[in-house]
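Across the two complexes that follow, chain A remains constant while its partner is chain B and subsequently chain C.
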Partner chain A sequence: MEIVPQLILNSIIAGSIYALIALGFNFIYGATKFFNLAHGVMAAIGGYAVFYFAKTLGLNLYFAVILGVALAGIVGYGLDKFIYLPLRKRKASNMVLLVASLGAMTALQAVIAILFTSRFKTFSQNIGTQKLFEVLGGVITQTQLIIILVTALILAGLVFLLYKTQFGKAVRAISDDEEVARIVGINTNKIIGYVFFIGSALAGLAGILVGFDTGIEPTMGLGLLLKGVIASVIGGVGNIYGGVLGAFLLGFVENFGIWKISGEWKDAIAFTLLIVFLIFRPRGIMNK
Partner chain B sequence: MEYLIHLAILFSIYAILGVSLNLVVGYTGLLSITHAAFYGIGAYTTAILLTKTGVGFFNSVILGIIVAIALSFLIGVVLSKFKGDYYALGTFGFNTMIFAIFLNWQNLTMGPFGIPGISKPELLSINFANNFNFLVLALIFLGLIYFIARFITKSPFGRVLKAIREDEKAIAVFGYNTPYFKLAIFSISAAMAAVAGSLFASYLTFIDPSSFRLMESTFILAIVILGGLANLRGAILGALFLILLSEILRFVGFPPDIAAQMRQVVYGVILILVMLYRPQGLMGEYKL
Partner chain C sequence: MVIAVVIIGYFVSQNSSKVSTEQIKIGVVAPMSGNLAFLGEGIRDAMLLAQQDLGNTQYTYELIFEDDQLDSKITASAVNKLIGVNKVDAIVSFGSGPGNVVAPIAEQNNVVHLGIATDPNVAKGEVNFIHWTPPAEENKVFVEELQRRGIKKLGVFESNQQGAAAVMADLKEKLKETDIEIVTDQVFNVGEKDFRSIISKAKNSGAEIYLLLAFSPEVEVLGKQIKEAGINTPLTSIEAFELSEQVDLFEGEWYVNAASPTGDFATKFEAKTNKNPTLGAANAYDIFNLIVAATEGFKGSTKPTPNQIANELTTIKDFNGVLGNLSVDEDGIVMSKAAIRMIKDGKPVDVDN
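Presenting the complex of A and B:
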């Protein structure tokens, strides 16, 4: 096992997870224009749902994954329906929405900790020993390979949804100008509700994949959220491709950053990258 | 009685945090989610100085203030160009990074094990190991900080801050260098938080990183938002209310671990409810 190929692989794996979070985050940001801080906790909801359905109830693993993704989506949809939508109707500022999402994140994360304790948990007994693959002189597990493939699929699916379907057209219209979209007869509140469902489901999927790769804990959403938002900002917030680009850039900078220093400093490296972008290119790579 | 004194000390510490954060969030309209970082910087400065050197408590308070001002200046220089969600994101990231430093710079902070055996203050043969004396000390600090804050908000400088909140472009046109004002109030607020941290470390005689994570910043933000934005008495009321609420949850009979999580659920929900029904808080003069 050589170091550089392994670092490249690790960067791609980390980048894929961040990209999944950033995709959902940007999708929601594009339609609503506010930083949904509750986005990260959807990952924890997805992860814990799979843990509960597969390990505690003993359901089929694939079925549990589908349920987990759906549950994260439903919670996201519910947040929009009961919190963000009433606020939007009142023309609340973005700051109000951001603080409300911060409250939702805090409360949901604590609810998970109450239900499942705050200890770190793994799915591993259900999976058995993982197959290892050797790629370009580095080692990658089966789960990690799945992570990369799933991310690529989701990106393709989301692009198709946005640019080839009626629904995508409506979402893009709302992104451009919600007022105008409503005037031409788009039911913007309904569409934004679906956007929340899809975006949150993607975060749930990311949480599930992290669960298979390493494990889950109630606060996992916080780190994922921070990475996803940093990826979005450095790539260009609200821009689907920008988020993915930012995610892989972040993955590479983090993993090559810890080549010489210890791994706990990843968060600090990510934050430094954010600051560098805030100083020199606050709108991100893709946005002018 | 001992218990009431204990609560009153906690209240004083959180009131200092609430009043100081209100200067940034309420008066200047900048959503900062990093107050616990500066609180922690004060606490760690005092803890390290009191356990490893012969520096006394009061000198450690001053050094804590200096460290907090230095760090808030560094990050503030970057953030002061921004407002709104980017400001919130930058402060969010900063809190995560400072937490990572508390956790991982083991030579200095002893990492997750925390620093035990922090001594209590002593001045002119008054020993503050007595809790009543300590309460008096904490109240004196609270009074001092309250009056400094009041002086700031009533001064011409404070009026510029409010003008920045209402319309930053307009006040910039009048020739005010707004980033300078935003940076100044951010550093002042950080210095005050550091004082609260010094009191906290010396009172508990033990600190570990878990007291200074993002959730603590959210808690302080909840104090300000619930009590009232841009109202100093509101911040004190908010601190009183949320401290009492946390204690009530303990008395209801939840086990300590669950009670801590319940506290999070409650203030998360409070943030949501305040945003939905009363975005200026109980006594606030400004809506986000």
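Presenting the complex of A and C:
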């Protein structure tokens, strides 16, 4: 049983990363009602931007992180402005938007691979330079602690934004019914553009944190997106709280699942959980 | 006078065509991009070096390189292109996964195939061969070193791929004859980056050393996360450390590797590439020369067929390669010795016991 505290910590760390992806994914899905598959590649954009600004150009790390988050947001905003918005104006179906987002994901991944090669890159390769903390009998690194704290702050910030600001009211109105929101005078296209910026910036932040924790590669977004989508489906697609709940549930099930069976079954466990929810509770935990 | 010139001209043209027009095409499938590109580049440079070092030969030897990113799906299309479009006479592959893809295609199309691979299945069939230190030889040296160091409890982290599986199957058999016990064996999928929970499972196993069997980047991430988990148990590997570009992550650790190349090859390779020979580079150099030896050794009036080259390969004994005296055994495996190495000052070096 000595392993339990460490497994709890590992689950929280994994859940925090999935939550950041799920938060952005759900934020965008809530407003647009389509599966934006290009969401995952924003994580890679954020990670590679920091790699370029901090390691190649030698800029201050904090400044590089801000630039990385902003760049991921701008690319997400650009995708909406130049691809999704024209398609929405033509009344394209959600399936068309999904395919367009798949194309955008593939293209952006290829651009990253061309610019930076497809080799795995780490922000810091020195072992033993990170501070280690003992928490409840488990060990956690400084980066992992930052991941957990950042996720908590982002969740709080997003809840504040959604429930305490005019912008949040507009987003919720669009999520409820875009047509009605437009009739009452909300500039829905503008708000959805901002939603894409914020959601993509969150994915970029997740990519940066993963970069500090393990490393980055052009295809990293797909794996993160899959986990983010599973978390969203489990918790309730489009529901901010549901996404976070689903992310931590996924983190716990994955990490405790491989306690007694081999680690090679980790992904199988995640997808089994997804199938169970799709069969018995397709709308997720939070959606009725 | 005119008749004499015509006769001399005829014989000169006959001789020159025999020397230079008959061409043997060798296709090389290796990772030229992606995380293991540095290994593919090492193989390419070694084969070009072997081609450059070639003396007078009856045939000319052309090298055609294809990138497979060590991805079996890409390997299949690359091999089909080499066979269908380039009409190669021989194929060289890297890795057990790709080697297992190439072997049946080579057999079906009757093309000689030499794999730089651990899995003995790659050498199955009439035209398939391996030039790699086999797991049995590597494990023999590994187990002897464990015994010499008095290690009784071994922990294992292994990637779920054919090469690692071949090593582990043989290692488990060998350990049955010793008092060394595998106290934890953690398997993970290729591409995994979060090893924290399997590390937690292994942490209290009492292992005196951890054996890492993985490709890059998993091996680096795993090594880093083991240290971050506060584990100071020594790490070792069979080949894995040299599958990483960041060998300095494993500074001071010993490991078992496939045979070490001669100093002469290392010097020539370094002069050409400005790098130490990467894993598999010396094998690639030897493979080129083995194909040349088999082709040139064929006593016939026409260019040998792939089957005839394969037959010649099976007769090669005590070939003077850069990995020592090489012989092809009855299973199509070019035998070479394993070596104990360590990472010292950020570089792999041989350990003299």
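Assume the second predicted complex is superposed on the first by the 281 of 288 C-alpha atoms of A that agree within 3 Å, B and C clash if a C-alpha of one lies under 4 Å from a C-alpha of the other, contacts with A are read in each partner's own complex, and residues count from 1 in each chain.
In this text, contacts are C-beta pairs under 8 Å (C-beta built on N, C-alpha and C of every residue); 3 or more make two chains touch, one makes a residue touch a chain.
This is a predicted model, so every value here is computed, not measured.
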Checklist entry - After the chain A overlay, clash or fit between chain B and chain C? => result clash
Checklist entry - Where does A:I74 make contact in the superposed view: on chain B (first), on chain C (second), on both, or on neither? => result neither
Checklist entry - Looking at the overlay, does A:L162 come into contact with chain B only (first), chain C only (second), both, or neither? => result neither
Next on the checklist: Per the contact definition in the header, classify A:I285: touching chain B only (first), chain C only (second), both, or neither.
Outcome noted: neither
Next on the checklist: Tell me which touches more residues of chain A here: chain C or chain B.
Outcome noted: B
Next on the checklist: Looking at A:L102, would you say it contacts chain B, chain C, both, or neither? Reply first, second, both or neither.
Outcome noted: first
Next on the checklist: In the overlaid three-chain picture, which partner chain does A:I230 touch, first (chain B) or second (chain C), both, or neither?
Outcome noted: first
Checklist entry - After superposition on the shared chain, which partner residues are touched by A:D267: those of chain B (first), chain C (second), both, or neither? => result both
Checklist outcome for this item: chain A residues contacting chain B in one complex and chain C in the other 117-118, 223, 262, 264, 267
Checklist entry - Contact residues on chain C for chain A in the complex? => result 33-35, 37, 69, 160, 186-189, 191-198, 200-201, 203-204, 216-217, 220-221, 223-225, 227-230, 246, 248-249
Checklist outcome for this item: Contacts from chain B onto chain A in the complex sit at residues 31, 33, 75, 78-79, 81-82, 84-86, 88-90, 92-94, 96-97, 100-101, 103-104, 214-215, 218, 221-222, 225, 257-258, 261-265, 267-272, 275-276, 279, 287-288
Item to check | Residue ranges of chain A touching chain B (in the complex, touch as defined) | outcome: 34-35, 37, 83, 86-87, 92-100, 102-111, 113-114, 117-118, 222-223, 226, 229-230, 233, 262, 264-265, 267-268, 270-271, 274-275, 278-279, 282
Item to check | Residues on chain A engaged by chain C in the complex (per definition of touch) | outcome: 2-3, 6-7, 10, 13-14, 117-120, 122, 125, 127-128, 130, 132, 139, 141, 214-215, 217, 223, 254-255, 258-259, 262-264, 266-267
